[in-house]
Amino acid sequence: MIKDFEYLAPKTLKDALTLLDKYKDEDHKVIAGGQSLLVLMRQGLVAPQYLIDIKGISELSYIKSDAKEGLKIGALTTHRAVEKSPVMKNGYSVLSEMEKRLASVQTRNWGTIGGNICHGDPAGDPAPVLIALNATLKVAGLKAERTVPAEDFTLDYFETALEPGELLVEIQVPSPRPRTGTAYSKFNIIESDMATVSAAVSVTLKSDNKTCDDVRIVLGAAAPTPRRAKKAEAVLRGKEVTDSLLKEAGNVASTEAEPLSDIAASAEYRQELVKVMVARIGREALARAKKA
Amino acid sequence: MSKYSVIGTRVHRVDGVEKVTGTAKYTFDMVLPNMLYGKILRSPHPHAKILSIDTSKAEKLIGVKAVVTGKDTIGKKQGIWRRFPELCDEEILCREKVRYIGDAVAAVAAIDEDTAEEALDLIEVDYEPLPAVFNPMEAITEEAPQIHEGVELNININRHLEWGNVDDAWKDCDHIIEEQYVCSSQAHVCMETHDALASFDHNGKLTIWTSTQAAYYIQVLAADMLGIREGDVRCINPYTGGGFGSKFELDSAQFCAALLSQKIRRPVKIVLNREEEFTATKRRTPMYYFVKLGAKKDGTMLAKEVRVITEGGAYTAMGATALYLTGFFSSFPYKYPNYRYDGYRAYTNTAPTSAMRGFGAPQSTFVGESMIDNLAEDLGIDPIEIRRKNGMTPNYVVPGQAWIQSCGLHECLDAIEKHVKERGKLPPNRGIGVSAYGFMSGGIFNWFDTPYAFSSAIVRINIDGKVDLFTGANEIGQGSNTTLSMICAEALGVKLDDIRIHSADTGICPPDLGAWGSRETLMNGNAVKRAAEDAKNQLIEFAAAKMGINIVYDMDIKDGWIHLVDRPERGVSYYDIVKDAIRGKDGEAIIGRGHYTPHRKGMISPAYSFGVQAAEVEVDPETGRYKLVNVTTAHESGTVINPVGIEGQLEGAIMMAGGYGFCEDQPMDEGKILNPSIADYKLIRALDMPETEILEIDTYEPEGPFGAKEAGEGLTNPTAGAIGNAVYKAAGVRIRHLPITPEKVFRALEAKKKQEK
Amino acid sequence: MKHELKFTLNGQPYEIYIKPKTLLVEVLRDELGFTGTKRGCSSSSCGACTVMLNGASVKSCSILALQANGAEVVTVEGLAKGAELHPLQKAFLDHGAFQCGFCTAGMLMSARGLFEENATPDVMTIKEAIDGNICRCTGYNSIVRALTAVSKGEYKEES
């Protein structure tokens, strides 16, 4: 049963921030699409006194891109809009592919990419991809704005770097460097389910189109937060990326994972999956980098 | 051309327009003036004594109109095995003791759901937790706590079946294998959860609308539990959003709604939420199988010995039948000259296990079909060949048990053999597994102790020729209203559109045991056919008289034309004769009556359907993840009355039985189900569904209406076994513990690699 | 405190007052009596509550009704025009794309959302569109066949 609350529906970002500032010491919660929040409210796990509905703030729903500034996505952009946006073809198609396997069409039609990130679920799909893409998140409070690297945004299970009174307003993804390829996939048993384990890999090659100049490997559902496998990255950086090196990277990544056992899979199995996923997705990212 | 006008044609469901327009009313949708909303308080303990229940605070909450506990009941225990009082062990509202997490202890009726829910929080129950036992193997040991008073070793029931001489037969076997299997739990997951709207009037008469598979059972059991006469209870099953075995016992929604309404004399509606549906209704019976199987070198199977221990959960429910049927169907579909089965059902402090589509046969078929593949491999015989060598044939008698009349198993094997050949050489990591099965068309057992015929129907022909068909059959989505209307139309010789069916309303329909055990088509179909023929014969009398026919001619009705069988052009309109006949009967409408109870067909069922399924999977050897690529089924169910209905039953069964094989499970921790939501309980969705093909094999069942038999539950039997065999073919690992999850396949692959090193 | 909700349902404007916690599905079913829309899980997992909101399919059990302020909502009751069934409904009937019918309203609305975006979806796109909808009866394939027939133009809306 959802407990009663007071409902506030600002229509502009400024109004929203003003309200948030006003209620920041009260028992309040922000709702965007509610696809994650309402589940918690129904179970009584979250029962705010004030609910601030930001879904109607149209100025936070947009997708923009240019070569210099990169890609900018408003926090209230729906998953479906990201998935379907033609802009993603300019080097961000991994975002569109990721969205296509996130939940169901209905959930994507209403849920927002910002809400997903702010929910802080370690099994969420967008965060690993955004970290691999080296994205930055713009956060606004009434008094100030700041940016947080996507990889520093999730602090623990369902806990983020947002301070009371702050909203996530924009996701900023830099333009991909030349010879960069990024890929993402999740392992699950039912196609549209949450990830049992996921991995995103972004590879940038040197001008010889063989040697790894830079790489970012991100694991999802394998630790309390989406996590970069930095030791695994080190295995690849500066080297010619081969299948066996990718396998080694997978093995190393698996030692960096700290998965839990739950009803979907045991921790040991998740660790094995990390090995396979990192190698496979790395291979895909490499192939894309070579073509880019 | 078919000799039938209606049977075998592709028709729209008779409830179709209402269902696609959203106007079909389910219990879930019903609202009565002055109606209250009920909620049920459930035990958080797997096993505990109830020391006291204090409802005073809840009663004081504004908006609460009634609270009931076990003290408000007449103190009876109920069960569906009424012939055996010791198996009627469920109070529904517990008085002294709770036996599983989810057992009901109190119920509240209030002006809205929120108030009712708030009131639940105000009820104080003082429990004394007792030691609990969850695993059936532990439950049957001396050390285990006793769950029901007087039930030694927690053995709820045992079952023994035997023919031939198993002990002697082993020495004639060239090869014997012994294996163990574990079959998991499964939830029905009907899209409409259990619900009921109960309304007592001031004359003490109860009407209860409910989502059920057996309105008649609910009428009888509710009357019994409330201490009123059967005739004072009218149970109506409007539209029902799925049953699959979960909805033919009296459940907590029905009983608590009725009890609250009895107390307050206002309509009370209770809808279980999805979590209650997962944790506090019944489920498929988990089973531990120990099997020994022996054969000659040439593959002739000589003996099979099966021991099974089932996890009963807290109450008997339909588990007694599941225990029996899993034993009987462990011999299916083969001719074992020597066979022995010993089954034990153990009480445990877990949610009760009961009937679910296939009723013990999906478990036995998974085990049996896995083992026959293993046996074939050991003996170097082709899997289809070994099934052919041992498979049942028409008119086979299962010694002392059953007489199988029609049987198309061998034709099904031929069809699947051809299919497998046509798939050609498979790419790496792919495999096709086959699995053969059979199932009954309704049970002959009368543990419910009904004094009535198993099925009955009444046909009333009105002045305009429109026919009202009254039957106790329960439409739960399986399409019985359509199938029975088709049988009625065919038997009477009129159009489908002439039939208006009224079903599963105990106030106006004759009793029927309900939609379980795949019984409606054969049993109720026979009753409907007989009722229609009774009415038809009355019309023919009038037609013969009117036409002045020589008595040597035989008459019939087809497509609304009453005619001479040998000279079809000579006849009169059905619609005209109806008018004459009613006038001739002094204004009485034409009423036809029919009933059916199986006789002289052995102890189990009047007829059996057979089939063979081939499942194709593709395994990812690095992760164990596999995909269901294709499932092709050759099956026979006698005359096909409603082809669209059969296709739907088959494809739906693959979703459910494929899920049983692949991903559906109910893991528990100390009796607590860990995945009580649709997000966590894995169900096959559209993107996961394999392509499906159906190969229809013709048979004719003499016992069935127009030669028809079941095509409902049996289709759930083969899939888990076929998947297991396919995984073995594709990856070389045999999984003996359902469901066959990728993680299990992965571990088996790892173990195999280690062994090979 | 109750809030005003103004929206259009199946072409008809409504103005009602509701508690803010009221879900869209509760407004449709309980406040306005449009019970064609079902609830199977109330947690966004089964799709039985799917309706169209401003032209896109959504799960009405997981949307606060007040979020639909000013919106246009279409439910299964809005498909047929009087006695004339919508092409999707006809296709469902012809292909036996339902049994118990409890998932049907949601399936139809997911399908409606699909065809609003794409008049000729292929099989994968069709499966994807109904993947958020559980059907425990049919095994989905008959629904996919029905929608494939619509995609091929076998069912045209009469103008």
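Note that the chains take the letters A, B and C in the order they are written out, and that residue 1 is the start of every chain.
Convention: a residue touches a chain if its C-beta (ideal position, glycine included) is under 8 Å from a C-beta of that chain, and two chains touch if they have at least 3 such contacts.
Keep in mind the model is a prediction, meaning the values are calculated, not measured.
Student: Which category does the touching pattern between chains fall into here: line, ring, star, complete, or other?
Tutor: Its topology is that of a complete graph.
Student: Is the C-beta contact count larger for A-B or for A-C?
Tutor: A-C
Student: Between chain A and chain C, what distance separates the C-alpha centroids? Give it in angstrom.
Tutor: It comes to 30 Å between the two C-alpha centres.
Student: How many angstrom between the C-alpha centroids of chain B and chain A?
Tutor: 44
Student: Which residues of chain A are in contact with two or more other chains?
Tutor: 191-192
Student: Give me the residues of chain B that touch two or more other chains.
Tutor: Residues 683, 685, 687.
Student: Taking each residue of chain C in turn, which ones touch at least two of the other chains?
Tutor: Touching at least two other chains: 42-44, 128, 131-133.
Student: For the complex, give me every residue of chain A touching chain C.
Tutor: Answer in residue numbers: 2-7, 9, 31, 34-35, 38-39, 42, 51, 53, 55-56, 80, 100, 103-107, 109-110, 191-192.
Student: Where on chain B does chain C make contact in their complex?
Tutor: The contact residues of chain B facing chain C are 12-13, 15-26, 28-29, 188-193, 239-242, 244, 273-274, 476-479, 644-645, 647-648, 650-656, 677-679, 683, 685-687, 689, 691-692.
Student: Per the contact definition, I'd like the list of chain C residues that touch chain B in the complex.
Tutor: It is residues 29, 34-46, 48, 75-77, 79-80, 85, 89, 92-96, 98-105, 108, 126-128, 130-144 of chain C that touch chain B.
Student: Could you pull out which chain A residues touch chain B in their complex?
Tutor: Listed in rising order, the residues of chain A that touch chain B are 1, 187, 189-193, 263, 265-266, 269, 272-273, 276.
Student: Which residues of chain B touch chain A in the complex?
Tutor: By the definition above, chain B touches chain A via 113-114, 117-118, 622-623, 625, 662-663, 667, 674-675, 680, 682-685, 687-688, 741-743, 746-747.
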